[in-house]
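Presented below are the structures under discussion, each in the form of structure tokens.
Same chain, two partners: chain A is paired with chain B first, then with chain C.
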Partner chain A sequence: MASVGVGYDLGASTYSPAGRVFQVEYAGKAVDNSGTVIGIRCQDGVVLGVEKLIRNKMLVTNSYRRIFTTSMSSGLAIGGLLPDGRQLVNRARDEASSYKTNFGIAIPGKVLSQRIAMYVHAYTEYWHLRPFGVSSLLGVYDDSDLGAQLYMIEPSGECLRYFGIAVGKGSQQARVQLEKLNFDTITAKEGAIKIAEIIYQLHDEVKDKPFELELSWICDASNKKHQFVPKELLDEAIAAGKKAAEDDDSEDEDDDDDANMNDNQ
Partner chain B sequence: MSYKHQPITHTTRPIVTGTSVIAIRTKSFVMMAADTLGSYGSLARFHDIKRIINIGGNTILGAGGEISDFQKVTQYLQGLEEENFCYDDDVSLTAPEIHSYLTRICYNRRSKIDPFYNQFAVGGVIEDGIGNKKEKRTYLGYTDLFGTTFTDNYVATGFGAHFAYPLLRKGYEDLNGADMTVD
Partner chain C sequence: MAAQLKPNMFKGKVSLGTSIISTTFDGGVVMAADTRTSAGVYIVDRHTDKVKKLTDNIYVCESGSAADTEAIADYVSYYLEHQAMEIDEAPRVATAAKLVSGFIYPNKDYLMASMLVAGYDKYEKGSIYALSLGGTMVKQKWAISGSGSTYIYGYCDSVWKENMNKDEAVQFCLNALTRATFRDGYSGGFIRVCVITKDGVYRKSHKVDIEYDNLKGDL
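On to the complex of A and B.
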């Protein structure tokens, strides 16, 4: 496969004649190869979910984390290179903590997302640094007029606010599914179940390794604190997810049967 | 170089002060009481100040002395708690840890003649052991602006120390090792 960016992709400080910065785009590829991360902004909170692909059977369950708490009322889900993501999480925690020290209140979503975005962007400006291979989904529930907020910060430093967004392997199909949701009425509980359904449906049993579902939320039910969803809800979501995946499979089988019938006639 | 100027001093007298905090400890609980007054010298100026706070869900911290220093200490500790909340590993500051931390801060500040002008009472419930062998025990300690530290069944700060200790000593003596109920 011929490389599109030959000659212009050696450093983040170089533009191509078409105006692209290839290193930043390649960083995006690192995100596209990781497990799906989905976030939904609900009426009463934000829900984040990750399809954690388990590369090694020896891994202790739940020891591998992709969703991190960055302050009392905000959480960051990492899609892409996890070590890069951890660096962002540390930076976000520092920003949140210093904001609290200086201004006395929890860091608002707008400010935290911009701080993370500026940090990510800074690494795209120099030849001697490589961009973060991470797309992070930031969920915040602060006391501002905006209420619950979901932001996505891409490797380029672009940061936008979303009703629902997905990154990673199954992101194309996940985004299609997310567009069908009614964001005016969806609750955090429904959002959690919906994320599980989407992740289970999109997980490719054949191509991908087994996975664990990680679900967290910041909502009224959790007192606006970022926490992993309660075990009962997690179990309910996993059950709903498995059922949705089975329904999906059986639909495919029915289609095959119809095709066969047509052949015979 | 001129040595005629006075040595550098920091604030060594308190302005807005709280006084007594009285705390007792039994086998099953720790109880702490304080008034909500902030005095401005002899003027009873601020009537609704919190002088006992909760840290990490299992510890209470009460202080007498300079209110602004207590508020600063509170901010430090709550910042540490928020850090623990972020790490999300079921680890939280316990009473003996907070007691030790405060003692370190207090002693180091006094060594710079820049004290946190407070007397602290730290109390809480701790769980020892792992898995099935967990045991709960109570803890109550005192630390102050000098960095003096001790733990005991009863602790008091400010004027309370003068009035309450004799009464509390008698009370514990009369109990003779029996446990108390919340009533």
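On to the complex of A and C.
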């Protein structure tokens, strides 16, 4: 990034002369450095996928989660600092359960996304707090007219609804790929496979550590419940992803399997 | 000395000795109530409106202490209005009922309110929730409450049927409340009827036809 906010970046309560809040932008950098997170809003549901970079070979597979269930029909995928993300997940869970307790209905997607966004935004207003270094992708499938919804909440507290969105290391290229999809017809199953393909294609085996793919969905097939995709679909997606990565490579590259550790899922 | 002079009839709190009823029908709900508010043996109001609006599509029949039910209805309609803005559509009857029980249950030792929350929303169509004194919330196809309701359980159980049309449903409510008012001293006045469908709300008042001969026979 070209400009450095000398003197104006010491706290989130300070604007720069150009009207920027540097601490919030720096929080965005934390997101840019993390593994890619992709979400697609399909005709029959929402699919979320994460490229989980494995920092340590001794890590027990599947113990490291970046997608969390926040209510029966909603899930949150975390891009950026995971501990910050877990705070958001807890907050989202509290909001969803208290809404159900008070109003008797499942929290609608637009309400939950706004509650998370307001919480994130609150941390951008005070000098003694730092903003969340998290961009979260919220997938919701409620019974409102909107049906399946995909929201992204950025470190600034901005919250918008998307057909498809990606954050993290490979987000630039991922977004280009997402723009090519036909969102009028894509199904959740196709979306899951597409996410895997994009993540495998974008993963840089040389520069990046090995990774694990995490895929979840809320769709008609899952009875509108947020859950990790069934094993058969996950295997199918991984296979499609690997194939897409091979096809993509113009040069010969190792096909060996220590680039990804999904075998014991 | 002065305390002994206070007539008994002024000792009671203002209470909605009441007969209220609500039933679903094919297309919405009908709610009806008598119009008597009493304090002991003194009739405070003989043309009370016990069918209160919470939102355009949800109404509530009140029985018990008038002050308690009115306070609850005010709070609930306030919360519903805000929720409607947040979710950008008409609130659901289930939500209104949950909010009412959210008031009654935690304060059950202090309140005496029994309410029927009914209305039309696009998810459940016409629905009725009966909220009793302890805060129990039960979804029912038809419900009665109030002091006068005890006299008409038998009548309603035998006469009610599913999927009535609007006129049958209104007549069912009128017949039931007529019989309740007939026997319950704390119910009387006339009958206010409110019909709620997807097309809106329709309210009308009906005189009570109390000739004994007219109470015989079927619906």
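As a working rule, the second predicted complex is superposed on the first by the 246 of 265 C-alpha atoms of A that agree within 3 Å, B and C clash if a C-alpha of one lies under 4 Å from a C-alpha of the other, contacts with A are read in each partner's own complex, and residues count from 1 in each chain.
Here is the rule we use: a contact is a pair of C-beta atoms (placed from the backbone, for glycine too) under 8 Å apart; a residue touches a chain by one contact, two chains touch by 3 or more.
Note that this is a predicted model, so its numbers are computed, not measured.
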First (chain B), second (chain C), both or neither touched by A:R93: first
Contacts of A:K242 with chain B and chain C, given as first, second, both or neither: neither
Chain B versus chain C as contact partner of A:K110, first or second or both or neither: second
A:T69 touches, of chain B and chain C: first, second, both or neither? first
First, second, both or neither for A:D143, with chain B first and chain C second: second
Chain B versus chain C as contact partner of A:N102, first or second or both or neither: second
Residues of chain A at both interfaces, chain B in one complex, chain C in the other: none
Chain A residues within the chain B interface of the complex: 68-72, 93, 97, 100-101, 225, 227-228
Residue ranges of chain A in contact with chain C within the complex: 102-105, 108, 110-111, 114, 143-145
Interface residues, chain C side, partner chain A - complex: 83, 86-89, 92, 94-95, 97-99, 102, 123
Residue numbers on chain B that touch chain A, as the complex places them: 75, 79, 82-83, 85-88
